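We call the chains A, B, C and D, going by the order they appear; numbering starts again at 1 in every chain.
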Amino acid sequence: MRARLRGRLGLISAALFLVVVIVMAIAPWIFTPIDPLTTDTSQILQSPGWGHPFGTDQTGRDVFTRVVYGASYSLGVGAGATAAALIVGVVVGTLVGLAPRVVDGVAMRGVEILLAFPEFLIALFAIAVLGPGPINVAVAVGVAALPAYIRVARAETLVVRRSGYVEAAKGMGMHPLRVAVSHVVPNTLRPLGVIATIGIGTTIVAAAGLSFLGLGPQDPTPEWGLLLSGGRNLLGQAWWVAFFPGAMITLTVVSATVVGRRLRRAREGRRS
Amino acid sequence: MFSRPGSFRIAGSLALVVSAALVLAGCSASSGAGEKVEGGTITFGVDVDPVGHLDVHSSQLDINAILQRPVFDSLVSQTPDGTIVPWLATKWQVSDDQLQYTFTLRDDVTFSDGEKFDAAAVKANFDHLVDPATESAQASSLIGGAYYAGTEVIDPTTVRVSFTQPYAPFLANAASVELGFYSPKVLAEHANELKAGGPGISVGSGPFILSKYTPGSELVYTKNPNYNWAPEGATAQGPANIDELDVKILPESSVRTSALTSGQVDVIGDTAPSSLPQIGDGFTVTPTESPGVPYSLYLNVTRPVFSDVAVRKAFAGGFDLDAAVKAVFNDSYQRAYSILGPTTPDSYDAALEKSASFDADAANDALDAAGWSERDSDGYRTKNGERLSARWISYTPVNEDNANLANLIQDGLKKIGFEVVHDQLEPGAYLDAYLAGDYDLTDWGFLSADADVLRSHLGTGGYQNASHLSDPEIDATLASAVATTDTSKRAELYTKLQQWNAENAVIVPLYVPEYILASSKKVGGIEVDIHGWPLFSGAYVTK
Amino acid sequence: MIFRRILARVAGMLVVVWGAATAAFLVLKLVPGDPVDVMLGVSAQASPELKQSIRAELGLDQPLLVQYVSYLSRLVRGDFGTSYQLRLPVTDVIGQQLGYTLQLAAASLALALVIALAGAVLVHGRAARGVFSVLELLAISSPPFWIGLVLLSVFAFGLGWFPVAGADGIQSLVLPAMTIALPVAGILGQVLRTGLEDAEEQPFATTARARGAGPARLVLRHTLRHAAIPALTLAGYIVGSLLGGAVIVESVFARPGLGRVALAAITNRDLPVVMGIIVFTAIVFVLVNLLVDLAYRAIDPRIAPPTTAIRGAR
Amino acid sequence: MTSSREVVRVSGLSVRFGQAVVVDSVSLSVSAGECLAIVGESGSGKTLTAKALLGLLPDGASVVVDELVIDGVDARRNSERDWRRIRGSRVGLVSQDALVSLDPLRRVGAEVAEVLEVHGAPGSGERMLRAAIVDAVTGLLGRVAVPEPAERARQYPHELSGGLRQRALIASALAGEPGILIADEPTTALDVTVQAQVLDLLSRLRADGLGIVVISHDLAVVAGIADRVAVMKDGRIVEEGATTEVLSNPQHPYTRMLLAAAPRLPEPSFPELVEGSVAGGFPSTGSGGGDGVAPVLRATGLGRDFRRADGGIRSAVDDVSFTVRAGAAIGVVGESGSGKTTLARLLLAFDEPDRGSVALEGHEWSGIPERRRRSRRGGIQYISQDPLGSFDPRYTVARIVAEGLRGDARGTSPGGRAERIRHLLDSVGLDASLEGRRPHELSGGQRQRVAIARALASEPRILVCDEPVSALDVSIQATIIDLLAGLRRDLGVALVFVSHDLAVVAQLCDEVLVMKEGRVVERGSTRDVFENPRHPFTRALVAAVPRMP
């Protein structure tokens, strides 16, 4: 009973945190009256305190404000790239899953070749082709996530296609198109939606990683990976400049993972 | 070259003429606290891996100049006060028309692979560095670029270098490592491998021999036991004292700092000003102001926004540079007032100091007067519905201190209603924008030991003339300065140029970068040259 | 029969490598900008004639198909071309740095395995497992560069136990390896633990306990092998983490290695090196998948499971 | 029986999870050489009772017991360590399905040897040498009649047949020479002929002096082996006594209900033997509606081949012909792998035959494009063993049933549709209140009823049922069979009923096809075939069916 409450508590706080981050991304000004670019030479490297809950950076900018404003890019890339990868993945994966065996075989070889590479390296290679930049980072992490979605979408399509209920629908004389629309696609989307919730976290980390390496947005854009990178040379004297953006990424990803897992468990519980 | 926080020398790579004089036997950067020991090893932490840029004749990297100095000797040497002293050349003679330099060479010098140093070796090296196949930009411009006519062997110990026009910086440039000498055997046998470099390829006649190179990690130098041809007057004569010099590549400034404080390395270069408080008292810190053009903003006078001198001056005085420099550099670097650094030999105009100050009211008034009197919804000034906005392009990666400074400048100008859009472009995109002139301002600092550096920055068509200035009077002044070796005459001409810029605000100097060397008290005898770069031939470790 | 299977397997591996090489070739041909400009650096004001001669030398003036064929034939001979930036054969560039990255990867893998196994096998009880799973979640969710910076500031800057950078000896390996190992250990630990728990609920575990087998015997002789099967499917993901992590960790800890080479090659558009690394990675993954398959066969006598490793399981 | 030593004595055993009492004051005793059967349906607490005898209750279970003596050891205050000493050496466990009860990743020999490695030599407890263990394992496998025991010991469980696996599992339980063997549904996963052999083995072991506790849901299975039977319901033993007594004269109403629900097979007689197959002919199978009724379904020379892993061809269905007339019920029986399910799929045109053809309602049904079948599919419907899998997990009961409605019915007004759905649910005995539930919220019996309602929605002429009741408890099973029989009677729906369970077929069908390796080896009226089986395989099959006295 207690364990259940504790699990619930974790889930609730994770969901709440996600909501807060989403609001930050949409309306950062609710959280802070300050402009994220405003410098103040009299307030350099202030440690966290009343005026500046997360302290200030080398040009006296409020770290809290910058972290808040950073949510929009990180979350935007996370959600945007994941959504794009999801949509393309579902379309391609479902088509491949429904296609004749030859097409399926060839397509999956291709996807497997892509899957042979670590996601982060694919993103890096994509940057090598596209060149650095904030938009390109989003494209790169989306491309990197794509093969996994195609694969899962195809696998789910195959599972659903061979499932008892699709056979039952067929046995009732239902048209294949209607079977696809009313059974295959919705049931394929469900697990993918769950995976995507967790995938947002992966994408945020990957995008932040690229920014950290200097391949994404440039200073003074507030972006978590970049903020973190900006603080790396200050570790000895001003830990807060790097710490809070990093903590923010971690918490966001943890929250997305917790919520995603909970959704997955709900789904799997239903299945068995 | 793109590595130093203080001097962002993007355009150095675009150089036609750059002077970088080096100095041996400069000021001592360290004095050991204990008893001097024979032999031993000194470890030196640097910021950049010169991988792929190890050819002294073609490399444009500062780090290469620092790391190859122990291996390569030059004809002459320059002391920190600018005096040229004999090195591999015992004496030299300049013809009256100043078009021919005749050097008399030492006859006891050998390269570390046993080859003899002689006039043929000088010719082979100079021929190599101007050979288009070498793809040299830096060294070929140091030797005079288009002014260079050729080198001829008179006899084994006499060599003559000729020019098409008088070229005053040549002697100073001849002291640079870029005009140092490879063993002729290497040039003959390994010409294609010089850039990759390494033991057996980076072979010179210097006090140290490169014995191991692990890209990304370290370079190891062992002492040259036969070395006996140090520059005249140098404190360290004969072979080096230490047996080995280990160079560790540590790109993060915080990492370098704590590597020093934790004893992992003995000396670090390019120390970040912000980390000085961390280093503390137990260490020797040697900052050296860099000669050449300070870190500056170059306003493009061909663009509408900066074609008006009043706007330029309002721009220059519209933000609190003193506070910004202080905030970013923690009192380490000084704010710049002139387009030449105070340590640039025979040229600096100290009268300009404290001449300019931040005055928001004056800037506002000037902009109002210039017609930029309306404000838009974002608070920026407008004229005829056009926002007062300037596009600032920077070459990436932008080092952190400069990025912070840029933020402060942007934010300061925003307060007087002047928008600055800072586009940080990757090299290819930057170059496209730069060559197309599609920008209002850009930034860099330009390290040079000769004031002739201004010729490429202000002269019509100069490759570093980011301001697109074209003024016959300025061109004439620059031309007469490069054609004379009379130091007082040169100083007078360069002072005129510095004052002209102060009046016209074509270049907005921001701060004077420094090369900060920090070393442990366990080592001593390290000297620095005019750039502040360390020289290890006299260095020692203590008990 | 077996011979045919091996042949088919080798052919499959070659197809993957060929596919990666082809994809790399095609995609990098799309890279904007003239490779010769990249090669000379933005600085060089090379004459058009010089550029043309370099282009001819590199075969860049040939039709795409000719370039592709010669690229493949060179690959087959083990010639990956010459780095634009480093002026070294790509094989040398990779060869020089491979040792460092292998060292790092091996140390990370060992650490991750030890942590994951310890967490999965030794941590008992609901509360302890709960705490451990939260730690795992944190480790998985934290960006590796942040973990690296936190470890750096605590153990190197703060406590001074480990050097802050470099690649000298075991000491300098601890923090970088830990940075990569933590997230990997988190995922591996979760999969192992779930695998162990699932296996413990299987009838055969009950049977084994009914024979009087104690917990240690149960884990070592029975459930661990079962848990190893899902863990093996992570192999691809783990190797990915090791390589991807190397890019970031080598940058944070100023270590030499393939990750640094990759990053430099990408930022400098050093195409031969990028292609070399892509092909190299493909070879690594093909080999890893082969090893995983062999391991499957060694662990599970039943029908061989799918041949490709799954990743991104979180 | 009373003279023998008691090997298990339990009294007042209660097991609870939190507030829920799952085993309630159970007392039982078993002597050496005696077999006690604990019989009950799922959830009766029989398995937990068995596990309590091994100290293997799951986490969270709290146990209260007055007396717990296992093979002479008082186990009431046993720690986990104490239990470990007893398990394997004094009490052995045989559970259902050796494929998963033996560690699939270890060799059979290693599994059998484990007890010896843990406890040492039986009796002395001395550490055994490798060679001695190998010998002992071979001996044990031989004792449970595993042929070529030394070779089998080196194989993996999946490489053995189901019967051999179960024997190996028994051998592993016997290795420590325990006084008592707990057999939890030891034959449930086995084909009926193999089941008979395993039961035989257990009787032999009992005769050798082993005390055995058999847990089963099937009264018939335990009838032949158990000396005494304890019937459990809701955690309590509701009736206990000598097997013959309980079966012939049940006292408790629940026992009576169980006995009534269990389908029975008539006692066969074995007259003259007829060699060879009777397949291929086209005997009249018309019945029920008489000879004048047109066939609903006709299968002619059906064959379907699959490629084996080694590249060879296996005929899953070979030369099968039969006719189903309106309202008839045909059973298809056989052991696993006999081709029953493949046949069902061919009839449903989920799969195309390689040879032969199927005709539905007089028109060709196989070998035509799916789109030509689509509109006719409502005429033939399918009930599977796994109804849950046949439901879209997102759908409610009402929506699932609505999906089965024919096009014309779908087109009617929403009210009419709802009325029709309610009617359908009613006809399968489901309350309308279940309409809004989703499949996972239903019980097994309810799910099967929903599946039937959906099948009926298109007013089919014939239902193909593939093991529709195998996964259900016997009481539920009986109600579903009753339902199907009623539908056949009331609606005139023909049935093709595929099952491994001869008794169920005997109860429901009037004709039967016996399949073996894809071929029909015997056919005829159910009574004829089961009472006078002629083919040796049918005889073995019929003989192996456990019977109640």
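To be clear about the criterion, a residue touches a chain if its C-beta (ideal position, glycine included) is under 8 Å from a C-beta of that chain, and two chains touch if they have at least 3 such contacts.
Going by UniProt, the chains are A = Peptide ABC transporter permease; B = Peptide ABC transporter substrate-binding protein; C = ABC transporter permease; D = Peptide/nickel transport system ATP-binding protein.
All values derive from a computational prediction rather than experimental measurement.
Least step count on the touch graph, chain A to chain C (ABC transporter permease): 1. The chain occupying the central position, as judged from C-alpha centroids, is C. Ranked by number of C-beta pairs in contact, the top chain pair is A-C. Centre-to-centre separation between chain B and chain D, using Cα means, comes to 88 Å. Our note on geometry: chain A versus chain B, Cα centroid distance of 44 Å, whole angstroms. Spacing of chain A relative to chain D, judged by their CA centroids, is 47 angstrom. Computed from the mean C-alpha positions, the centre of chain B lies at a distance of 40 Å from the centre of chain C (ABC transporter permease).
Across the assembly, chain C (ABC transporter permease) contributes residues 32, 157, 251-252, 267, 269 that each touch 2 or more other chains.
Shared interface positions of chain A, defined as residues touching 2 or more other chains, are 131-132, 214, 232, 235-236. By the touch rule above, chain A contacts chain C (ABC transporter permease) in their complex via residues 3, 6, 109-110, 112-121, 124-125, 127-129, 131-132, 148, 198-199, 201-202, 205, 208-209, 212-215, 225, 228-229, 231-232, 235-236, 239, 242-243, 246-247, 249-250, 253-254, 257-258.
By the touch rule above, chain B contacts chain A in their complex via residues 252-254, 257-258, 272, 274-275, 277-278, 320, 323-324, 326-328, 396-398, 400-401, 403-404, 406-408, 410-412, 422, 424, 426, 428-429. Within the complex formed with chain C (ABC transporter permease), the chain D residues making contact are 51, 54, 56, 81, 84-89, 91-93, 95-97, 100-106, 111, 114-115, 118-119, 156, 158-159, 169, 172-173, 175-176, 182.
Of all residues in chain D, only 348, 350, 370, 373-378, 381-382, 384, 386, 388-394, 403-404, 438, 440, 454, 458 touch chain A in the complex they form. Of all residues in chain C (ABC transporter permease), those touching chain A in their complex are 15-16, 19-20, 23-24, 27-28, 30-32, 126, 130, 137-138, 140-146, 149-150, 152-153, 157, 236-237, 239-241, 243-245, 247-248, 251-252, 262-263, 265-267, 269, 274, 278, 281-282, 285-286, 289, 308, 311-312, 314.
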